[in-house]
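A short write-up of the structure that comes next.
Chain lettering (A, B, C and D) follows the sequence in which the chains are written, and residue indices restart at 1 in each chain.
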Amino acid sequence: MNTEQLIFYFFSALLLTSALMVVSIQNLVRSIFLFFVSLFSLAALYIFALADFIAITQVVIYVGGVLVLMLFAFMLSNKELLNSLQPIKKSFKFYQLIGIFICLAFLFVLVSLNLQIDFSNLSWIKSSNPIMESDNTTHTIGILSMTRYLLPFEVLSVFLLMALIGAAHLARKGKKT
Amino acid sequence: MNFYLTYVLVACALFVFTALFTLFALYSERKISAFMQDRLGPMEVGKYGSLQAFADILKMLQKEFIIPTAADKILFILAPIIIFVSVYLGFAALPWAPGLIPASLNLGIFYIFAILSIETLGILMAGWGSNNKYALLGSMRSVAQMVSYEIPTGISVLSVVMISQSLNLQEITIRQGILTSDAINFLGIWDVKAIGGILAWNVFQAPHLIIAYFIYFIASLAECNRAPFDIPEAESELIGGFHVEYSGLRFAFIFLAEYSMMFLVGMIGVVLFLGGWNTPLPNIGSLSLANWTTGIGWGIFWILFKTLSVVAMQIWIRWTLPRFRVDQLMSFCWKVLTPLSFLCMLISGIWRLTMM
Amino acid sequence: MIPLSHFLIISAVLFCIGLYAVLTKKNAIQILIGIEFMINAAVLNFVAFGRFDKINGGGQLFALFAIVLAAAGVAVALAIILNVYKHFKTIDPSKIDKLKN
Amino acid sequence: MIRKVLKVFKTVIKGLKLTLRHFFAATESRKVKAISDPDYFAQNSGTTTIQYPHVQLPVPDVGRYQLDVEMDDCIVCDLCAKICPVDCIDIESIKSTEAIGKTSDGTTKRLYAAKFDIDMAKCMYCGLCTVVCPTECIVMTDTYDRSMIDLNEMTYKFSDMTAAEADEKRFALEQLNAERFAAKQLALQQNIGNQI
């Protein structure tokens, strides 16, 4: 096992354990901070898939944007909300068991499908020319988003504007009745 | 194995640099502020108080780690580390001299912005973990401020990136001096590729970048929570903001992060707008000053000189201007800086298409 | 080179963790986190497959689009959650069962 | 809008110029002058810091600072202890068997001071004791920066007698008193005898 693989498996283990803890931990604020760990290690995995631009975008948008937004939404809201977010009872419920069962079933399907396919012998993968480590993916992404994917790019920008206005409208204080 | 050893050594060197810079900046800030207020500043420890910063650090090292009983211990302990590491990692992509850059990333400036946005998270962690209403208020203000001011910063940086056509800080620097292979036009008309010097800097290649630099400089003051944008740690209102509860070495780390951040944003500004390690002296006829003053040693000298000047400017502004109010701060960001920076980006696009 | 199947297995596990959060959590914000996990699992798949698509760059670009869309979605979702709390004084989705209030 | 921005720039630059002027004026420092000096308010630039233990401000003549007692002049009249509003002076006197000597202004000293303590921690620097003193032996000096680690050290002891000496004087006084008493008794008896 070389260093690259070692780092990859370290980050994937970090990702999965932190994700498991995020969904199982009781303290909500801590779980959001743990969410940061999983997002960050996910960014590391993107780098191993030779998508450095995506990895850094992940850090910028998720860590700098989404997470801060989530924490901010909490802390801005009043104390009652904070209290209601931290449940006291820790007992294991039946619905959780069902949830675990469904998830395991899903996992079984996905993983078994995954194992049935021999990826290295697929024809389209064989015929493709994969991205090499020396390639400048940023350059490619820049050019492609202005040529081939111009329409989705523009639609996305309009959508973002809509989301911006919508969120601002929803979050603003209504007229006092 | 040598490969990794070099990395570790470079990281250690950068850490030592940030620590030394913090000591130096601490002393100089106290002295400059004292002189501006007709005082003398520290005079007792060492000649002219020159060892005062060391004495302060020694005092901090001896202090007890106090964790408030009601604090969230894990978050409280982790926060200063995250705050410092996020700033410290930013140093990895900064060019120091021709060929001297710790990690020549082709995403350099984007990477730095991503890493710096983690600092916000650390500050929220500190504020929440302290379980202190002043700390929480301070961290909320800090985050609101940093998230808002990231927009003008990012857009003004983008206008440089559009002119330079690269995210790699080393390439951006090379394109502002005599070492470049592209054409450089002073104000878009006069080819100064052979002359170099101050005329080849980005702010003079495209004059609207001067406005962009002003925007960047103001927004960067807000990003590192310096006065006049220091409402997150307003001593008179919030008794220090998010780091109220910290003591000893943990507080020292927050302090280290703050001063490293000052240097970092100053250096990014220098690299993007003011020519990085390029010399300000131009070639005049047979007097090829630019050729003589370019090299590894000169590069380090110039970038340190420029960055320290910017840091001195930051300190000067801190001790001159009073603090903004929260609403003034936000309306200044959203109503003045953001539209102006968008305008700069638009001009950059047009400039790139027509003048270059 | 990390084999493609490893990425896919990791993303499958991540997806299931997200699914678990969506199915069992009684708190809108935690459900939101679960959805984010699922989106991220999909993005990881995009990126892993995108390695074999150099010319069209479909994987990476759509990963980018997905990330941006998710961020916009979170902004709207959080605004909705805050508003829901204002109306119903709870953010447990199973208790929000009135269409008219 | 543009006028507003220009105004902002103008005021910011004005402020920056002001601080810069003070920054460069810091190369010289103001001279240490007494408040009575006619040039005291004439110095407008330079650093104002007085590096205190090394340089001290001259104290005004009418200043009231720490008390000092010249024990050779003290006649132990106890007036200062009586006038003191905060009772910080504690005096214990012993009558002398004979005149001890003379103070510098010619008053004859007839009392020993076994104890002459001034608690400077209590003192409120009103200066009344210096006014009432008949021999002007208690004075206010220009020392104002004595600091102590222990509060008890703030009690200044001015008496120059040791405990043994005081005991000796007390004993002498008692002996004298006893002698006088005996002599009185003797004289009384003689008087009675004479009458009989």
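Simple rule for what comes next: contacts are C-beta pairs under 8 Å (C-beta built on N, C-alpha and C of every residue); 3 or more make two chains touch, one makes a residue touch a chain.
Please read these numbers as outputs of a predicted model, since none were measured by experiment.
> Can you identify which chains form the pair with the largest number of contacting C-beta pairs?
A-C
> Using mean CA coordinates as chain centres, what's the gap between subunit A and subunit C in Å?
Here subunit A and subunit C have centroids separated by 6 Å.
> Quick check: how many Å separate the C-alpha centres of subunit A and subunit B?
So the centroids are 29 Å from each other.
> Could you put a whole-Å number on the gap between the CA centroids of subunit C and subunit D?
80
> Which integer distance in Å separates the CA centroid of subunit B from that of subunit D?
57
> Scan subunit A for residues touching two or more other chains and write them down.
53, 57, 65
> Please categorise the chain-chain contact pattern as a line, ring, star, complete graph or other.
Drawn as a graph, the chains make an open path, so a line.
> Can you identify all of the chain pairs that touch?
Touch list across chains, by label: A-B, A-C, B-D.
> In the complex, go through subunit A and note every residue touching subunit C.
Touching subunit C from subunit A are residues 4-5, 8, 12, 15-16, 19-20, 22-23, 28, 31-32, 35, 38-39, 42, 45-46, 48-51, 53-54, 57-58, 61-62, 65-66, 69-70, 73-74, 77, 80-81, 84-85, 87, 93, 95-96, 98-100, 102-104, 106-107, 110-111, 114-115, 117, 119-120, 124-125, 128-131, 135, 137, 140-141, 144-145, 148-149, 152-153, 156, 159-160, 163-164, 166-168, 170-171.
> Considering the complex alone, what residue numbers of subunit A touch subunit B?
By the definition above, subunit A touches subunit B via 27, 29-30, 33, 36, 52-53, 56-57, 59-60, 63-65, 67-68, 71-72, 75-76, 136, 138.
> Hey, which residues of subunit B end up touching subunit D in the complex?
Residues of subunit B touching subunit D: 32, 34-40, 43, 316-317, 319-321, 336.
> Spell out the part of subunit C that touches subunit A in their complex, as residue ranges.
2-10, 12-21, 23-27, 29-30, 32-34, 36-37, 40, 43-44, 47-48, 50-57, 59-61, 63-65, 67-76, 78-83, 85, 89-91
> Touching subunit A in the complex: which residues of subunit B?
72, 74-75, 105-107, 110-111, 113-115, 117-118, 120-121, 124-125, 127-128, 136, 140, 143-144, 147, 150, 167
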